[in-house]
Amino acid sequence: MRKHPRGYSIDYYAYLSPLRMWNASFKVLLSVSILLICIIADNIYVSAAIILGMGYLTVRKGNVHFQDYLALLRVPLAFIILGSLPIGVSISKHATGDYFMNFHYFYFYVTSESILTAVRVIVKAFGAISGMYMLTLSTPVNDIIMVLCKSHVPKLITELMSMIYRYIFILMDVQYRIRNSAESRLGYRDFKTACFTFGNSMSSLLIISLKKAGMYYDAMEARCYEGEMHFLKEDKPVETRQILMGALFIIIIILIKLFTEMEEGIVV
Amino acid sequence: MSKKQKKLVLFATAMGLMLCITPVANAMHIMEGYLSPKYCIAWGAISLPFLIMGSIFMKNTIKENRRSITLFAMAGAFIFVISSLKIPSVTGSCSHMTGTGLGALLFGPAPVAVLGMIVLIFQAILLAHGGLTTLGANTFSMAIAGPFLSYGIYYVCKKCNLNRKVSIFLAACLGDLFTYCITSMQLALAYPSKDGGVMASAVKFLGVFAPTQLPLAIIEGIITVIIMIALETYAKPELKSIGFLKEVN
Amino acid sequence: MKQPILKITDLSYSYDNHEKILKDVNLDIFEREKIAVLGANGSGKSTFFLNINGVLIHETGDIYYRDTKIDKKNRNELRKRVGIVFQDADNQIIASTVLAEVSFGPMNLKLSKEKVKEQVYEALDYMNLIGFEERPPHYLSGGEKKRVSIADIIAMKPEVIIFDEPTASLDPLNQQMLEEVLKKLEKEGKTVLISTHDVDFAYRWAERILVFSKGEIIADAPPDEIFQNDEIIKAANLKRPVLLDIYEMLVNKKFLKAENSYPKTIDELYGLLSKSN
């Protein structure tokens, strides 16, 4: 994954994406509906269709480098593998299941059914993740916050969110400099030193951030802040073609759900 | 090789594989898509009263002193940053603190519930840790259960006149462990075992995540102690200035 | 007699009732003045600025904006008329796009949406920031951030603009940009105050210099007068501008005849030298 020195690659992509010019409310609506359909349907074909569809949209239309997209999909991989292991594998005192491993006192065993469940969960998770990536790799955070404002999320939350988003990058910048200067003085040479260096640099980061909070407030008041934050914000217009394509995709995955389950019903 | 030895080798390979994977494991965020709708909604509903309580508390603090709005925001950003940094570790693996235990000790558990939820949203959006549908469940385990327990333990230890370092360590470490237990329970409820039910499943989830989470909890405890002691030594006035963000001191 | 735009009488201020940061400051600021504010770090310059912008509330003394006495109730008037460009742009920029950021001030002035848009785009154009509207501040360079922080204030159309150490941490190209902006502001008849450690810049640009030391104004005079006074230079830890040193050296060595007015720029010195030959 290409690294940006002062940021997070997902954020960086969101600003570069051609999909950024799409209407933000539309993207949020599309992404959330697909997410919900994915977890409500709980259907392996639906999930696969979502992985393909959202992957295509993000990589081709969103100009995300395919290698980078794969790297981003690997981020949750550790959790998915660890989180699926207990679903697939069970422990028993007796030899049971389709396949088992004997450990003298107990058995690890799996059944075809449990493996299938685990695979289903994994595919479903990737479907949901690709639905979320479609949104986060194409929509900068401030656009998402704007949509939250429009959908009447409490002002306290949206104002805090927009401030926190801004401060994250400022603190990361400070932290980056503290870390470099500590590394240059061998502050991370071994585990014990590293713990102390890390702890101390975090405490100075906290003190710096408290001071900055005061300065920020002064700067806001100097520009006539009176307790409510207002910004000029404009959403891009939504195109009919995008709505049609989005609706078409949703109809297709719902049809896939109905069709595959009807078939299963016949088989059973 | 005897049959038993073969099994041993197999087991060792399996464990090795697991440890190979775990270096990239992060604090335990339940990933997007892992919970079915009813659990997403249920955990959201359980979190809601805490979030409302936190919001009311923050609103009152801001009403009293308007300057606290930027202080709250900075606190949120600080929790995000500390949870996104690699922390030192013995094995060379890469893990992250939750930072919410420290947040609870510094700012009080009520605002940390709200700030923690916002931090979780940003972790999902910017880092792809956790997810939007699992936000409710993650908020409960990381921003509510852990911090409230940390704060409670710290409070009780203080009442018992326990050594400060020990109480901070216990608060942060046990808070972290509690988060890990709750997350395992959440997963177990969603995916109960065929034969043993929820409890058997919970044991499995606890076991799988133990190799990463147990050392992490101890390191989180140690680092929290170092941070708090450094703050108390060098930054008494600054600590006082955030004192008013807390209910009880 | 000319009427001051800001009149400050016996102003004192302290944080948390500790030592006084500002002690009995008396000052008249007139329209269209170009004032440089000099003084060591911690001498009270920034606190003074926050006072005359109405962010901090003075304990004793009065501030008048054109005859109107400023108190707690109408200090927003002062904030509207007096704008501050803070030293560190990162401590000022709060929004996550340039457009939203520059609109923060005008939105707080409760202008209509059309008016806000008009003023924002005017300010963006002024600072050469057209095309940056959708960019987030964390992917801007230091110089670009500075330009955004200046556009922030210009969009509010204040009469008095304060720059708090604007030249610190700017590269030569951006310093030049800043001086061009200052020239433009001068043409528009704005009153400008700049705090700086750059004595050469202060000497070149200012018409009037205020010297702060330990919370007091210890000198208030035109640049040539300030820099001739060794006592003040010593008291405020300043140094003399290089150009002034060179000019006096040339006069002492009889390369130049002493004149009433001192050269402010290299070009002016060159002009004097060519004239004497």
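Should a chain be cited, it is by its letter among A, B and C, assigned in written order, with residues numbered from 1 in that chain.
As a working rule, contacts are C-beta pairs under 8 Å (C-beta built on N, C-alpha and C of every residue); 3 or more make two chains touch, one makes a residue touch a chain.
Predicted, not measured: the structure shown is a model, and the values here were computed from it.
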Note down the smallest number of touching-chain steps it takes to go from chain B to chain C. 2
Going by the touch criterion at the top, tell me which pair is linked by more C-beta contacts: A-C or A-B. A-B
Distance between the centres, which are taken as Cα means, of chain C and chain B, whole angstrom: 47
Distance from the CA centroid of chain A to that of chain C, rounded to the nearest Å? 45
Compute the distance, rounded to whole Å, between the mean C-alpha positions of chain A and chain B. 18
Two or more other chains touching the same residue: where does that happen in chain A? 141, 163, 165, 170, 212, 216, 220
Complex contact set, residues of chain B against chain A: 4, 7, 10-11, 18, 21-22, 24-26, 28-37, 40, 55, 58-59, 66-67, 69-78, 80-82, 84-85, 87-90, 106, 114-115, 118-119, 121-122, 124-129, 131-133, 187, 191, 193-196, 200-201, 204-205, 207-209, 219, 222-228, 230-231, 234-235, 238, 241-242
Residues of chain A touching chain C in the complex: 6-7, 12, 15, 20, 140-142, 162-163, 165-166, 169-170, 173, 212, 215-216, 218-226, 229-234
Note: in the complex, chain A contacts chain B through residues 8, 10-11, 32, 35-36, 38-40, 42, 72, 74-83, 85-87, 89-92, 101-104, 111, 114, 117, 121, 124-129, 131-133, 136, 141, 144, 154, 156-157, 159-161, 163-165, 167-168, 170-172, 175, 188, 191, 194-196, 198-200, 202-207, 209-214, 216-217, 220, 227
Chain A-touching residues of chain C, taken from the complex the two chains share: 50, 53, 55-56, 76, 79-80, 83-84, 86, 88, 90-97, 99-101, 103-109, 113, 116-117, 120, 134-139, 152-153, 156
